[in-house]
Structures are given as structure tokens and as C-alpha cells.
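Letters A, B, C and D mark the chains as written, and numbering starts fresh at 1 in each.
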């Protein structure tokens, strides 16, 4: 079973040279720590920065320089700041090549729910609805099941959805799965995890064709 | 064309109960602290506030929530404010949650005389309820309308007496679009400079959008998530 | 009969302290030379400048600094440059208090034609359609009649129109007229011009009520 | 993220007859001179060019008109080019004249993923023919659609290898919106600077919108109307 760091590490393998990438809060943020050697990517944060660098050194924090998770950050040489309308012009206009975000539920048609639990949690969608409605390439990073052991990969989302038929790939602590016309398609298993375990943990339609390789980590 | 006023009290001249305000900022970054403090002192109420976030319990718009001065919030993310969640779930506070990109674009549209536009964001979700849907390039979009406000209140880094503004870092965020969309736009700045000091090539908000400007007395600029790495 | 300079001078009396003003090509440009004492106005040019100053001194011309008429200009202290989308956001969003432009024809309902003579002149509308559709306060500066002596103040525009029911006031070499529900309303006469001369030169409906004063120039 | 190419030839790699181009500039101010010269040399034809103006007879887009490389122009004002007028009236050149503000906003919309928006400009005129009309706030508006291009070609003052751009004076005009709306966006700059030299607070076009960048060999920067006053 993958740790959160390993989920991020596996997703980082999807990065390609020259990609502009938007990383959501939580596991997605960790992806920045595993950029493959020899490629250059730029991170966009929807509050208005391109060219996000690492956290500042202790004492160098600047209240005027944060990411969309409200964390203090730094800017790399060649960075640019811009307003929120321009930021979402980048996102809506499909200038961002990869979006990685977390989810509470993903349905086997690519629907995603990650912003609201009616009557209980009302934090708001932030930029998530714009991101999932716009991005060509959306990868969801999440645990395969919730704390009660119930699958988060469903036939139909039970929570209010964030976007329809938009997720392309899901990377969980158990597997890598693509969204296809026939539902989730199993692409890779986490090291030591059997196909049966994945089948059991997946409520939505699941396609398993041929031998399913284990994920490889460098 | 001297738009300088003495301070937040003078800047808020004409504000009334029940008005709609836009307030710049993302989280606590780039919020008009001085004017918010003055809104608390003025005890105006029944406000509709358009702002990406609702502050934290004891800072930013949270201060207005504490005093129950806000009747309705139009925001995209309010997760940092526990009081907000309680007031919303109990029905004391009316809330319109909208996608962040649509919020930014709706403010810009309000300032730019564009009454409505199509966006894919929110299609098929609660946000689309009651909104017109139309397919463009095979993809469904929803029609979103412009937002304007009686007062737009923004915070900038520097400004001059014409109302020209520049912002620093990610404290820019929603401020430029909101500055465009106010019937009256107030700018509080960290530093008021002489006309000509700001390079005309690098003005973020041209003065035409700003009606009143003042230098804030002090800026706390609170940090929400202090994340650092260790040296060496 | 007013000269072009005097038409501009009369229009300049409409300026108020704090106005942002867009001046079209031709007579409107001259308005900038007659700003009344004691008031401050800012000139916006739709190609992307606020705070337009006078022409540069000979030798100081900068190819990167022009107005919408493609003339070399200067920028005043406190000026700002911006892109065309922002420029028309100012115009469409009604942040400009006064627009002065020329016309080929004005109809007595406020329609204006100033961009095209079918089969003959195809220069394009430039920013004129945005300006007339958006501005709250539009003054037209033009000659009362054309070179053939025909009225340019008509019942209905004969040329393709630039905007509908948008002109508020017309200042010609003969008169100042407002657009009302009942057509042109005569407000002032040019010095030495009789009401009869204006009636004769106006094809559209014309309302003349009471004594019509002569224009005053400081 | 090094987007620097050797020159206009390399920047135009992949261009084909019949493509749609956007070209920045207002009059002859801020036009991509070097790339236009290369388009003439490459002899690509049947082009659709989206540009506010069409140059003058012997400069700017006028050079492409002379060689009959343009099939269709989408512009707002073409009054400075006699050849253009002749070609249009004779029917050799297809022309779509649209209001300047709508042109700017349609390019921005194309780059920003907004397929359509309402504007009052052009209502009741030829421009509105065949377009949807809707009343907002008692005022009729028409629905305008986004514009995009196979290549957007812009001219900036300075740029770095990430593609970040800054413009000078009124040479900015349409360049930033067109930079957003190209499938491939080419920037020619007067000065290519090292990453980090441009202040991240004052970037006009963030590099994400730019695919290829080069420093132009020479810029004539012709003036259309030299208006001056005498000293003293």
C-alpha cells in the first residue's frame, strides 16, 4: 500500500518536460518534491503565481507571497505574478497541461466530488470547479477507501459533484486507474497489492485486462 | 484629479446598511485591513459582501461576521472560518458559493460592461441550477452574469493621487477586478507616492477605476499558514 | 458661423472637474486645447493610454507612444498605459464620463453614422461602435451641413449606422442641439446665426422653444 | 522551459497556407516587423489575418497584401491602406470589420476559455446581423464569440527565456490578448533578458502564454503621423 508520498511520487512520473502544472491542496502538493531528473516544469497556483518555488527559509516568510493553500512560498527566477482573472484565463483557456487534485469520490464515468458534504462541511469549491471543467488532463490523488473502509471509486457520486466526466486518471494507495467508457480500467498495482484486493476496494465498474504490472519507482 | 482622502472614515462616506461591498484579497493576503476595521466601527449592517474568502474567526471579514454585520456572503472558499460555517448551517447567514474563476471573471465583467458570459465551470453541478446551458465546441457551458458593488474596497502596495495602483506578489489576486466593478472604489495603500513616481508602463490598476485613496495607518498582514524550510 | 476651433472651444465648456474624456479624431481632438481654467480632466485614448499630454517637442517623438489617431504624443506625470481589452473595459464599463466624436450624419432620435459609405469608403469603425454603444454622455462635433450644403442632422440616417439612439448633444458650426423625444432641440445659436438659418439647415425634426441664446465664449 | 528560438524562420516552423494568424499592433505601433518580413519570404498564402489594422501600403501587413498572401482580414480599422480598400471593394480580399473593443475582448475570450459574451457594441448596426440579441438592464446587447488563431504573433519590448513579456508605452495594445489566443504564440522582442531580470510583479504577459521567443534583428518602428510642437 502506498504512502501519501509514494502516491505523489507515482503521479510525478506523469510530468513531461515543459508542462505547466496546477497542484491542489494535500497529496497533490507533494508532487513538487518528485520532479523527474532532466525535465523542467512550472507550477501555477491559482491565487496568482507562475514559477512557484519551495517554502521560504525560516524568517524569510512574506505575507504577500502565498500559494492557493495559503502557505508561505517563494518565487523562482522567471516567476510572474498576476490577478485572479488572468490566473483562471490560464486554467479555463487550457494553458495548464496537468491538474492534480484530491477527491472525496470519483465515479466510473469521470465525475468527481470534492467540495461539499451537505449539512456538514461547507468550505466551498474554491478553484476546483474551474479546474476540473477546463483541464484536458486531470489526475486525482486520493486514498482508495475512506476511513470506514468504503470505496471512494464509485458507480455514481453520492456527494454533490464538482465536475462531470472530467477525471482522466486516478492514483490511489492501491492502484493507478484510467477512466474509460467501460469504467475504471486498472493500469498498475501498488507493490504487493493483488488485483483481488483492488477489485474488492472498488465499487464502480472495473476493467481488468491481462496482467496488471506493479508500479515502478526509480 | 486628486483622489486622496484622509482615511478609511472619509473613504467610506455614503455607506449605508444593506449595501453590497466587494472586498479584495485571497485568504488574509492583500485584504483592506484598515477599511474593514472602520466598517466594524461604523456598525453598518445587513451587508452583502463579495469576497473570495471570509477571513478567519478574528481577522479580516471574520470581524464583521462576529458583529453580525453581514447578511449575505458571495465567496468561493470559506474553509478557514468556523464561525462562518456555523452561521451558514444555522441559516443566520445567506451564502452564495461560486467557482473562484467565475467569481474573478464576473467581477471583471461587471467592471468591463459585459453583462454575461459563458464558462464551462460548474456545468452539471449545483452551481448550474437555473442557469442557461449552451454547447460550444462540443462542450457544455453555463451563462454567468456580471457582478458589481456599491463599494469596492481594495488593498494595494503603492498608489498615487490619480488612483493608479500597483500590487505586490500574490496580494494582487482579486483586487484589480474588484477595483473595476465598484460604483465607488476605495483603495487603501501601504505607500502613497507622488504622481509620476509609478512607471506608467507598470500600473496594475489605472486610476480611472479608483475614486478614493488613502495610506493605511498600519498593516498587520497576518499569515495564515506559516510554512518554512530550515536553513542549511 | 463657428470655425472648427470654436466648435471645440464650445464643447470644452461641457468639461467638468474630474472627468475622464475620450476625444475622437478631427475636431474632437482640438477640445484638449480649451480646457476651462480651474478644472482638471484626463484624456483617455482607446489604444491604451490615460493621461495623454501634448504633442512631443520636435525630436522627442517616440514610435511607441501614439494616440488612437496614430499621432505621436506625450504622457503626463500620473499617466498609465494598458492593453486594448482594459481600454475598452474602461469604455464599455462607463468609466469614461464624456465621449466627443465626429459624425457624417446624426438622426433626430440620436442615431449616428460615421464609419462607412457603402461602395466607396471602407475604413472600418475602429472603436466608434464600442464608444457610442457604451458612453452615457456622447457629444457629436461636426459641420451642420456637408460640402453640397445638405443637412447632416436628419430624420433618419441614410448611411450605415454606428449606434442607435446614443447621441445626447450635437455641436455644429451653427448651433448646439440636444436630442429629445421630439427630435433635435435647439439650445444655442452660433454668434450671428439666426434661428431661421438653423431651421433651414436641419432636415430632422427640430424643436425651438422660446428665445434661443447665442453661445458665449470666455 | 527555454523557449528561445534562433529567429523568425524557426519561430514560424509549422506554418501552412490557409492558416489563421493573429498579429499584434495598433497602426504601425507594436507590430511584429521581423516575423511579418519572414512571412513574406516564406510566401505562405491564403492566410486569414486577425489584426486591428492592415498596415500601410509598404509596411506592416501591407507587405503581405502586396503579395496577395492574405485571403481574409479581420480588423477594426483599415483606413491607412489604399491597396486594402481597392482589394476589398474589388472583392479580391474578404474582410470582416468588427468593433475594436469587441475585437480585443474576443481575442481575450479565446485565450481565456470563454466561448462567448454579451456586449452592447454594434447593436442595431450591420455588425449585429445574424447575432443573438438580449436585453440586460434595459439595454440591448449582442452575443460575440471568441477568436483563436493557429499562430499568434506579438511584439514586446523585453522578454526572457520563459516567455515572460513586457511592453512599452502604447505598443502594448492588442499584443497581450493575442498572446493568450494562439495555439502557438510567437513573441519577437527588442531585448531578450536573463530569467530573473524582469520583476515578477510587473510582467504583462506571463510566459505560460508564449511558445517561442526571439530577439528581432532590427526594428524600424515607423511612425505614421509625426506630430510635434516647437520648442520655446
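Observations on the structure shown:
Operating definition for what follows: contacts are C-beta pairs under 8 Å (C-beta built on N, C-alpha and C of every residue); 3 or more make two chains touch, one makes a residue touch a chain.
From a predicted model like this one, the values you see are computed outputs, not experimental measurements.
Touching chain A and chain B together: D. Any chain bridging chain C and chain D, meaning touching each of them, is among B; the list is complete. When you average the Cα atoms of each chain and compare centres, the chain farthest from chain C turns out to be A. Averaged C-alpha coordinates put the centre of chain B at 32 Å from the centre of chain D.
Chain A and chain D have Cα centroids separated by 36 Å. Our note on geometry: chain A versus chain C, Cα centroid distance of 55 Å, whole angstroms. For chain B, the set of residues that touch two or more other chains comprises 105, 108, 112-114, 119-120, 167-169, 200-201. Touching two or more other chains at once are residues 49, 75, 81-82, 85, 88, 91-92, 134 of chain C. In summary, the structure contains touching chain pairs A-B, A-D, B-C, B-D, C-D. Within the complex formed with chain B, the chain D residues making contact are 105, 109, 112-120, 134, 136-137, 141, 166-169, 199-202. For chain D in complex with chain A, the touching residues are 1, 108, 110-114, 160-162, 164, 180, 195-196, 198, 200-201, 203, 206-209.
Partner chain A is touched in their complex by these residues of chain B: 26-30, 52, 75-80, 85, 88-89, 95, 97-105, 107-108, 119-127, 157, 167-177, 204, 221-231.
Chain C makes touch with chain B in their complex at residues 18, 20, 40-42, 44, 49-51, 75, 77-82, 85-86, 88-96, 134. Note for the complex: chain C touches chain D at residues 45-49, 54-73, 75, 81-85, 87-88, 91-92, 111, 116, 119, 121-130, 133-134, 160-164.
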